[in-house]
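Note that chain A is present in both complexes that follow, paired respectively with chain B and with chain C.
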Partner chain A sequence: MRLKNRHVLGWLEASPLALVLLLFLVAPIVMIVIVSFWGATEFSIYPAFQFDNYEFLFGSPVTYRVFLATLKYAFITWALTLAIGFTVAYFLAFHVRSLTMQIALFLVCTIPFWTSNIIRMISWIPFLGRNGIANQTLISWGVIDEPLEWLLYSDFAVILAFVHLYTLFMVVPIFNTMMRIDKSLLEAARDNGASGLQTLVHVILPLTKPGIMIGTIFVVTLVMGDFITVRFMSGSQRANVGRLISNDIGLLQYPSAAATAVVLLCTVLIVIAILLRFVNIRKEL
Partner chain B sequence: MAILAKPKVGYSRRSLLKAGGAAIAASTLPAPMLWAQDTKDIVLRQFGTGVSNLNDVANKVKEDLGFTLEMTALDSDSVTQRAATQPDSFDIADIEYWICKKVWPTGNLQAMDVSRIANYDKIVGIFKDGKLTPDSEIAQGTAPHTVGFIPEPGATTFADEQTNWMTLIPTIYNADTLGIRPDLIGRPIESWAELLNPEFQGKASILDISSIGIMDMAMVCEAMGEIQYGDKGNMTREEIDATMAIFTEAKQNGQFRAFWKTFDESVNLMASGEVVIQSMWSPAITAVKSRGIPCVYQPLKEGYRSWGGGIGLSQSLSGMELDAAYEYINWYLSGWVGGYVMRQGYYSAVPETSKEFMSENEWGYWFEGKEATDVITSPTGDELAQAGEVRDGGSFEERMGSVACWNAVMDENQYMVRKWNEFIAA
Partner chain C sequence: MRTGYDLELVHLTKRYGDTVAVRDLNHVFVKGSYVCLLGPSGCGKSSTLRMIAGHEDVSEGSIVLDSQDVSQLPPALRGTAMMFQNYALFPHLSVRDNVAFSLRMKGVDKAKRHARADEMLALVDMTHLADRLPTQLSGGQQQRVALARALVTEPKVLLLDEPLSALDPFLRIRMRGELKKLQRELGITFIHVTHGQDEALALADEIVVMNDAVIEQSGPARDVWGAPRTEFVARFIGGHNVIALPGGKATVRADAVTLGDDGLAATITAVEYQGASVAVTSKLETGDEVLALLPEEQFFNAPKSPGDAVRLAWDERGLHRLEA
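Entry: the complex of A and B
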C-alpha cells in the first residue's frame, strides 16, 4: 500500500513538468508534423495526407545545396567558436589565479550580451562596408589600394557574425567544467614529468569534454536554426534552411515550411545523436 | 461597443448619424441602450505597408472625424499573410491591387457600395476603366481596374467592368523605376538593361520580394532583348525559367552586392555607396536625398513598373464601425491625404481634390512636371528640391502614361516563388 502511494506521488511530482513539456514542446511539434502533410493554395491551406511537400523538398537540388550550406556554416562556426572559447576558458580557469578576478573577467565576457542580438549583428554592417571603418583603416595604412568587397555580404561576414554572437555559448560550459577539474590532478601530471602540452592533451582536454559537448550542442543548434543573421550579413544573397522556411512562411506556404522544419529538426537530432555517441554528458556531469 | 458615453449637446451631421447608429445598436443588443455611443470611442484598426501607414493621417483623422485609427505597418508579404489568414485582426486593410487579387477569394474583405463614395466620379480612370486618357493603352500585369470591382456583394470573382461594388478604394499609386547614384555612375542611364551591365558588377541590387522583383527582372530581360514576353504580368513557365537563368548567371558572376527586402535596407545600400543602381521606391529616393546624397529616380525608355494601393474593408465590419469606415474613406478622398502623399512623390486617386491642399508651386512641381518656383519640401519639412529643378520623369501624364506593366500575381505564382527561392539560394 505504502509502495503504491510512493508510486502515485512520483507520478504527481513529475506531472507538472510532463504537462508543460507536452503542451509547449510535444504538441507544437506534432502539429508541425501533421501540417507538413497538408496541401496549400496561394492563400489558404487545406487538410490532406499527401507527400507533395516532401517530394518537392527531396526532389529539388536547391534543398541539398541549402542543407549543405547550413552544415558548412555550422561546422566552420563550431570550429572557430571552439578554438576561441576553449582558449578563453583555459585562460580564465588556469591562468587567472584569484577567484574574484576570474569572476570579474567572466562577467566582462558577458558585456556584449547587454545589447540585443540583432544590434550586435547589424553594427558589423557599417564597419565592414565598402566605405566602412575596416576598409578605410586598411587603405590608410597602405595595406590595400582598393576596398575589399568580400568583407560584407559574403560567407565571411556571415561566419564572423555567428562567431561573434555565439562564442560565449562555448566559453560558459567549458569554463564551468574546467573549474571543476581537481587541481591536484594537474600537479600529479607535472610531478610525473608531463609537459604543459601533454597535460593539456591528456588531462585537461578529456576532462572538459562534457563542457565542449554542451557548448557544441548550443552552437550547432543555434547556427542551424538561424535565418536572420544569414539574411542580414549576406545581404540576402546566401541561403540556409532557416531562410527557406521563413520565405515559405512569408508566402503563406505553411505546409511546405512545416515539411522543411521537420527535415531540419531530424537533421539536428541526428547531428546531436552522433555527438552524444562521443561523450556521455549525463555520466560525466 | 458597449461603452456608454455622455450625450453631446447640439445636432451636427455626425451626432445624427451617431443617433441612427445607436438606434440600430439598441435594437440588436439585448441590453437597453439609452445613450448614443460617442464617435470618439470608435477605433478602426488599419494595417498595411509602410508607404501609406502614416501617423500624420491617424492624427488628422482624430482631429477631423473624431474616431481613432490604429495603424500597423508591415512588409508586403506579411500584409498578404495577415489579410488572408487573420480577418478579425483588422477593420481596414491597406493593400496593393495585386495583393487584392490574392486575398479577395478568401472572402475576408467586403465590397464597398460605390453610391456611398462621394468623390467616385473624380477618381482617375486608371482605377475605373483602366485608361488614363480615353485613348491610352492598358499596361500588362494586374492593372487595378481588373480587380477593382465585383459583380455583386459576396462574389469571390472580379467583374469585367465597373459595377456598384468596389473591392478597394484607390489611395496612392506611383510609377517605379531604377534608382541611381549619378555621382558614382557619371554617365546617363537610359535603359533597364543597365542593371545587368558588367560595369556595375558588385554594385547592383534588386529587391527580394518575389512578386515585384520578377517584374523588375522582366523589364531588364526585355530591355536586353533576351526575352520577348507575351505578358510580363502573367508569364509562362518557360518565360520564368529563362528570366531566372539570366539573373542566376548574373548573380553567380557577382553582379549583385545584396538584395533588399525593406525600405530602410534599400536606403542604406544606396546612401552608403554599396550600390549605385538598384530597384527602388520613390520615398526611398527622397530619404537618400534628404541626407544630402545625390540620387535620381531615373526614367527609362522602356517605361515604368507601376503599382497601386487601396483600402478595403474587413468582412466583419458592420454597424457604426462600418459607417465610420465609409466616413473615413470619403475623408481620405476629400483631399488632405491626397495633398500629403503627393508631396511625398506619390499620386492621389483624386488629384482634383488634392490640389486644394497644395500650393501652386507644389502642384506645378509634383503633378504638372513644371520647374519649381520655390524650395520644395516634404510633408515632414526636409528640403527635396530647389527653385528651378524639375521632377524626375516629368508630369503625371508623362509618368503614368508610360507604364509598361503593373505589379502582378501570375497564374504560375507558386512555380515562380519556388524558382525565386532557388535564385536566392543559387
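Entry: the complex of A and C
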C-alpha cells in the first residue's frame, strides 16, 4: 500500500513539468509533423497524408543551396564565437585574479543583452552602410578610396551580426567550466615542465571541452534556426532555412513550411548527435 | 656556499604587500635528509615550500640548490618536484599518462615515456591501476600516483605540501611509513610541510619549526623534542608543560611529572584514560596548567579524580629552561 502511494506521489510530482512539456513542446512538434503531410492549393490547405511537400523540398536545388548556406553560417559563426568566447573566458577565468573583478567584467560582457536582438542588429546599419561610419573613417584615413560595398547587406554583415549576438552564449558555458578547473592543476603542469601553450593544449583545453560543447550547441541551434538576422543584415539578399520557412508562412503555405521545419529540426538534431559523440557533457549538467 | 645536492636558503623573504609571510630565512637542508617544516597555519611554511618549488616569487634572498642559485628559474628547471596537497592529478588523463606527463612535455616518445611511467608506478605499487582515471582511485592511491608523477622527473629535492592531510588517520599512518621508506630508498631530500607534530616526529631526520614567518628552532627530531628552545616550540610540539619558575620559564616533560606527597600543590581538573597511560591535567596555584602522563598501572594504584588536591613533582632531568 505504502509502495503504491509512493508511486502515485512520484507521478504527481513529475506531472506539472510533464504537462508543460507535453503542451508546449511535444504537441506543437507533433502538430507540425502532421501538417507537413497535408496538401495545399494557392488559397487553401487541406488535411491529407501525402509526401508532396517533401518530394518538392528534396526535388528542388534551392533547398540544398539554402541548407548549405545555413550550415555555412552556422560553421563560420561557430568558429568565430569559439575563438572569441574561449579567449574571453580564458582571460576572465585565469588572468583576472579577484572575484569582484571577474564578476564585474562578466557583467560588462552581458551589457549588449540589455537591449533587444533587433535593436542590436539595426544599430550596425548606420555603422556599416555605404556612407556609414566605417566607410567614412576608412576613407578619411586614406585606407580606401571608395566605400566598401561588402560591409553591409552581405554574408560579412550577417556573420558579423551573428557573432555579435551569440558570442556570449559561448563565453558563459566555457567560463563556467574553466572556473571549475582546480588552479593547482595549472601549477602541477608548470611543475612538470609544461609551457604556457602546453598547459593550454594538454590541460585547459581537454578540461574545457564540455563547456565548449554546450556553447557550440547554443550557437549552432540559434544560428540554424534564425531568420531575422539574415533578413536584416543581408537586406533580403541572402537566404537560410529560417527565411525559407518564413516565406512559406508569408504565402500561407503552411504544409510546405511545416515540411521544411521538420527537415531543419532533423538536421539540427543530427548535428547535435554528432557533437555529443565527441564529448560527454552529462557530468557538466 | 655548500656543495653537493644541499639545498640552502639565503636571507629568503616573502612579502605580500605589507605583510611579511617569510622573514629572512637562512637554512641548509642536508642532502638526502627527510625534513619536516612544522608550524601552525599561516606561519609561512607553505610559502617557503612554494618558493623553493618556484610557484611563488622570491621577494628577497635566494635559494641555492646544488651550488646554483635557482630562485629565478622556472619550477621544472630547478631540480625540485612538488607533490600537491590535493594531489592535483589531471582528471582527464589515465594514471599512466599522469605519471608520464612531464616526459610528454619534454617530447619523449610514447613507448619510452610509458615504459618509464610504468617503472615509477611499480615503485609505488600501482602498476595494476595504470589504466584507471584518477577519480576511480581512493585517496591513498591518488597520493601514490602523485608521488610517482613527482618522482618521474628525477628531482634532487621532493617537496610535499601537507601530503597526508587529506587521508583518514589509519591510512595516514600507513602512508607516512611508505614515504619514509621511499625516501630512504631513493636517497633524495624530502621537504615535507605539516602542522601535525606527531607526523613530523615520526618522519623527520630534521624538524624545522616555524612560527610567525621565522624559524623558531631546527634540528634532529630528538633534539627539538628533548630541548625546545622557546615556549612556542614547547607548546606546539606537545608533551611539554610550560611553567613559570623563579629565574624564568621552563618546560617539564609530561611523562616526567609524578603525583606524590611533596612538590608543588595543584588541583586536578581532568583525567583522561589513554590506554597505556593516563593523562592527568591539574592546575597549579599560579594558574599554570600541568599535564602529567602517568603509566596506567601507576595511576590505578592510587586513582585520582577531578577536584582532588595533589602535589606535583618531577625529575630534574625532565626539566628544561627556556630561552624565550
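Following the convention adopted for this analysis, the second predicted complex is superposed on the first by the 279 of 285 C-alpha atoms of A that agree within 3 Å, B and C clash if a C-alpha of one lies under 4 Å from a C-alpha of the other, contacts with A are read in each partner's own complex, and residues count from 1 in each chain.
Just so it is clear, a contact is a pair of C-beta atoms (placed from the backbone, for glycine too) under 8 Å apart; a residue touches a chain by one contact, two chains touch by 3 or more.
These figures come from a predicted structure and were not determined experimentally.
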Based on the superposed arrangement, let me know which partner A:A261 touches: chain B (first), chain C (second), both, or neither? neither
Touched partner set for A:V62, first chain B, second chain C, both or neither: first
Just chain B (first), just chain C (second), both, or neither: which does A:L251 touch? first
Can A:V158 be said to touch chain B (first), chain C (second), both, or neither? neither
First (chain B), second (chain C), both or neither: which does A:V220 touch? neither
So, A:L207: does it touch chain B (first), chain C (second), both, or neither? second
Which partner does A:A188 contact after superposing on A: first (chain B), second (chain C), both, neither? second
Common interface residues of chain A with chain B and chain C? none
Name, in rising order, each residue of chain A that touches chain C in their complex. 182, 184-185, 187-195, 198, 202-203, 206-207
In the complex, go through chain A and note every residue touching chain B. 42-44, 56, 60, 62, 65-66, 69, 125-126, 129-132, 149, 152-153, 231, 234-239, 243-244, 247-253
Flag every residue of chain B that touches chain A in the complex, lowest number first. 77-78, 80-81, 84-85, 102-103, 105-106, 202, 205, 208, 210, 251, 256-261, 268-269, 272-274, 409, 413-414, 417-418, 421-422, 424-426
Parts of chain C lying in touch with chain A, wherever the complex brings them together: 53-55, 74-77, 81-82, 84-86, 88-92, 101-102, 104-106, 149-150, 153
